[in-house]
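The first chain written gets the first letter, and so on, giving A, B and C; residue counts start at 1 in each chain.
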Amino acid sequence: MKNKLISAPYLVWMVVFILVPLLMVAYFAFTDKDGNFTLNYVADVAQYSQIFVRSIWLAAIATVICLVISYPLAYILTGMSKNTQSTMLMLVMLPMWMNFLLRTYAWMTMLGNNGIINSIFGFFGLGPYKMLNTEGAVVLGMVYNYLPYMILPLYSVMVKIDKSVIEAASDLGCNTWNTLFRVVLPLSLPGVMSGITMVFVPAISTFIISRMLGGGGNLLIGDLIEMQFLGNAYNVNLGAAISLVLMVIILLIMTIMNQFGSDDETVLM
Amino acid sequence: MKKISKVYLGLVLMFLYVPIFVLIVFSFNTTKSRTVMSGFTFEWYAKLFRNEIIMSSLANTILIAVIASVTATILGTAAAIGINNMKKLPKAIVLNITNFPIINPEIVTGVSLMLLFVFFAARMNLEFGFVTLLIAHITFSVPYVILNVMPKFRQMDPFLYEAAQDLGCNSRQAFFKVVLPEIMPGVVSGFLMSFTFSLDDFIISYFTCGSDSQTLPVTIYSMTRRKVSPEINALSTLIFLVVVIALVLKNFVERRSESRSLKTKEESL
Amino acid sequence: MNNSLKRIIALLFPLVIGTSLLAGCSSDSVTDADEESEETEVQTLTVADEEYYSKFRDSGISINVYNWGEYISDGSDEGTLNVNAEFTKLTGIKVNYTNYATNEELYAKLKGGGASYDIIIPSDYMISRMIKEDMIQPLDFGNIPNYKYIGESYKNQAYDPDNAYSVPYTWGTVGIIYDTTLIEEENIDWDILWNEDYADRILMFDNPRDAFAIAEIRLGYSLNSEDFDELENAAELLKEQKKVVQAYVMDEIFDKMGAGEALIAPYYAGDAITLMDEYEDLGFVIPESGTNLFIDAMCIPSGAKQKEAAEMYINFMCEPDIAYATTSYIGYSTPNTAAYEMLDDEIKNDGISYLDEEYLAQNTTVFRNLSDEANQKMQDLWTELKSTHDETKNKWLVPLFMLACVILSITILIMRYIKKKKDIF
């Protein structure tokens, strides 16, 4: 048991396939096509600040909507009987096991001008409304895909809150709202924070949702990176530079979020 | 209050399930229309099974998921044993690097591995394809195994291993007969997690797949970019069905074992 | 990651059992399907020289074919040939078939290295770029006897002047697909793609070369312009168009036009014919003001592992029966003279597929490869086009959002600190 050699294969694997690739991203970001050092590509990223702004903005909206939907849901769940809780949780999680491309595709067929939603509106003499190929559709796609990532951490934190604490609060004269804001909310803060990171990180880096639901006219960071490596604008160095900037942004956000999280959770996100 | 929460729960579930049910309903449609049901047919299912590209990528996906998750489980469990015995600083460093693939946006992990494979491809005889996909899947799976196994060591009595040795076990026996059963739940959940993540992964596979092997999600993506046929709806329906059956079975088994253990407890009383 | 997520993920284990069951079913249904199609088979395949194709019969090799989406007869329509399956049946060579959507995507995938393909089908300008960058290799025409079927007018093209690297697969023009029930204008020309009456009902090419070409025609520039000012003007025109464009797409067009999502889209003639076969309301016009003429040709990348087998595949694609199956299924015009003879007169004279040479010479331009600088410029302008956004109102929201995060975290830190101090006392 004291033998440390047993982890050697993994350590080698970790260095070769986790550490080196990330260093290569950095290497490509700071060199030009001939391998000479340059800051041009990293500087060029500034040119795409609009894309960054839009990605952060859309991801932030999606995260907030997820939070607003999930918080009451998780709270309601914790108040149910044990059996109903596990069934409900299963129902919430089930759609997550469909491939996200299929789920996004489902919305694509529903939101179109001739999609099922507009034909329902049409039945009442309304519309058709333009829903597909808008930013709203992109946000909807993010919310739909990542909602379970918000519900789960919230639920798992709330379910641990001792019910007697809440009872004590109301015994001591707190009304429902006061209990919620002064007792439940602070206690569930770690869950809120890990939920936010778990939704925000995939949302900011997505490249399929914007293409399928956003019409391809307004790129997000993910699209921009994909375009440099496998798409219309082949430029590996620029792609690496954008990836590097994205990593830094996410690192920043994670650090902020970790400030709120409880200490023992820092290792496990 | 109760009523409101029920309605709310219903609304969220509706939001989650309506798109999937729309997909399912139109998989039986005789025409390609997505708004009008014109008849009932199994034609698209027959076509789906005849589609060699889908079938071969399905086989690929399963093969890769099996090999990757088994390898990752062995590699990760061994790593966890070694890491557990490390001193504080190296342990923290290794754990933090291990966390990279989990925290980083998938697109960055995919891109970084792609850069590494391109580097190898240029210098050694490496081709994008099955091998690169496998390496990538193992790489993003191992951290989940480690994350699952590590806490089990923390819960385990550190003297258990020594006690076994004192009682005459050699170190191999002590490991397989005493330690492994203790950490088994973590190993199993790590395996299951990496297996399902490997089955479902699109983004990393998209950047690391080659000319001769694709996984099912990559094939689904190229399907959504072309003339879309209701085959894709049929595929979604089947995947959904498999997921539902799996969850129901799992729940059934769990409840039975629960009630059985309850019974034995009662009997012993 | 928290525990409940892990647990729920663990619930999914039996998925494998289910999926492997599915895989098990599949082999059965394949044989069923074969028996069925035996009865309804319409087209059959005869090749001149079966001996030639037997060379690799028992060697168990496979080739990697990288082709455009929807660009081969895959047997999905009743009575059509599944070209790749027929090839495997005839030669014993397995075909790994994958798709790309644009020439640029193909270029990126190939240039990135790593992925090894034996057959690719780029368009004219991309072929000359790949020749220049040593990405494709000369063919051994001794292995491609069916090259004789390729019409003379498709040989000696500027992109491959010595006919050394490529064998034409299909050709065609670019035009406008539109919904005839809702668009009543006569003389439809490229400017309809800017018409605000059809705002949000217009689709546009999702690749820079085809998109810029349309703007360049409108501005009266050459389609092969390398002038930076001209490129910038074209980009400006495309930017103007952006507000009426519903989406930038490639083969998604089949879906969007078919479902009536959009009314107008510029696209390739062959796909327009496929669409019109399926949806009567659609029409297609090749604008008077000129358009692009393209030839897509089969090439073998420099690193190909199975060059001879790849040449066999190219030869197979030139078999009259196969070329006929291809052109009738995908709708693009064929350069194969024997296959052309097999076509119905209706198709030969549909006014879209086979235009007379004089008209083509006068009204169409073939893309040439641009200089590296011009390519880069076009690329940059294209990315800029797709990243600019009219609404600037959001500009300050993100910095504000980040600032709020920072302030929030600092307050929490301070609060924690105060609390800790209180706890101590």
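Everything below uses one rule, namely that a contact is a pair of C-beta atoms (placed from the backbone, for glycine too) under 8 Å apart; a residue touches a chain by one contact, two chains touch by 3 or more.
Worth saying up front: this structure is predicted, and the values here are computed from it rather than measured.
Taking B-C and A-B together, the chain pair joined by more C-beta contacts is A-B. With centres defined by CA atoms alone, the chain at the far end from subunit B is C. Note on chain placement: the centre of subunit B and the centre of subunit C lie 32 Å apart, centres being C-alpha means.
Centre-to-centre separation of subunit A and subunit B, using mean CA positions: 18 Å.
Across the assembly, subunit B contributes 34, 102, 114, 147, 196, 243, 247, 251 as residues in contact with two or more other chains. Of all residues in subunit A, those touching 2 or more other chains are 90, 97, 112, 114, 229-230, 236, 268-269, listed in ascending order. Of all residues in subunit C, those touching 2 or more other chains are 1, 11-12, 15, 112, 259, listed in ascending order.
The residues of subunit A lying in touch with subunit B in their complex are 1-11, 13-14, 16-22, 24-25, 28, 69, 72-73, 76, 79, 86, 88, 90-92, 94-95, 97-103, 105-110, 112, 114-116, 119, 144, 147, 201-202, 204-205, 207-208, 212, 222, 225-226, 229-230, 236, 239-240, 243, 246-247, 250, 254, 267-269. On the subunit B side of its complex with subunit C, the touching residues are 32-34, 46-47, 49-50, 52-53, 55, 58-59, 62, 65-66, 102, 114, 117-118, 121-122, 126-129, 132, 144, 147-148, 188-189, 192-193, 195-197, 199, 210-214, 222, 225-229, 238, 241-243, 245-247, 249-251.
Of all the residues in subunit C, the ones that touch subunit B in their complex are 1, 6-7, 9-20, 22-23, 25-26, 29-30, 33, 62, 64, 66, 69-70, 76, 85, 96-99, 101, 112-117, 250-252, 254-255, 258-259. Residues 1-5, 8, 11-12, 15, 102, 104-105, 107-109, 111-112, 200-201, 206-208, 242, 245-249, 259-261, 379-380, 382-384, 386-389, 394-395, 397-398, 401-402, 405-406, 409, 412-413 of subunit C are the ones touching subunit A in the complex. Listing the residues of subunit A that touch subunit C in their complex gives 47-48, 50-54, 56-57, 60, 89-90, 93, 97, 112-114, 130, 132-133, 152-153, 155-157, 194, 215-219, 224, 227, 229-236, 253, 256, 259-260, 268-269.
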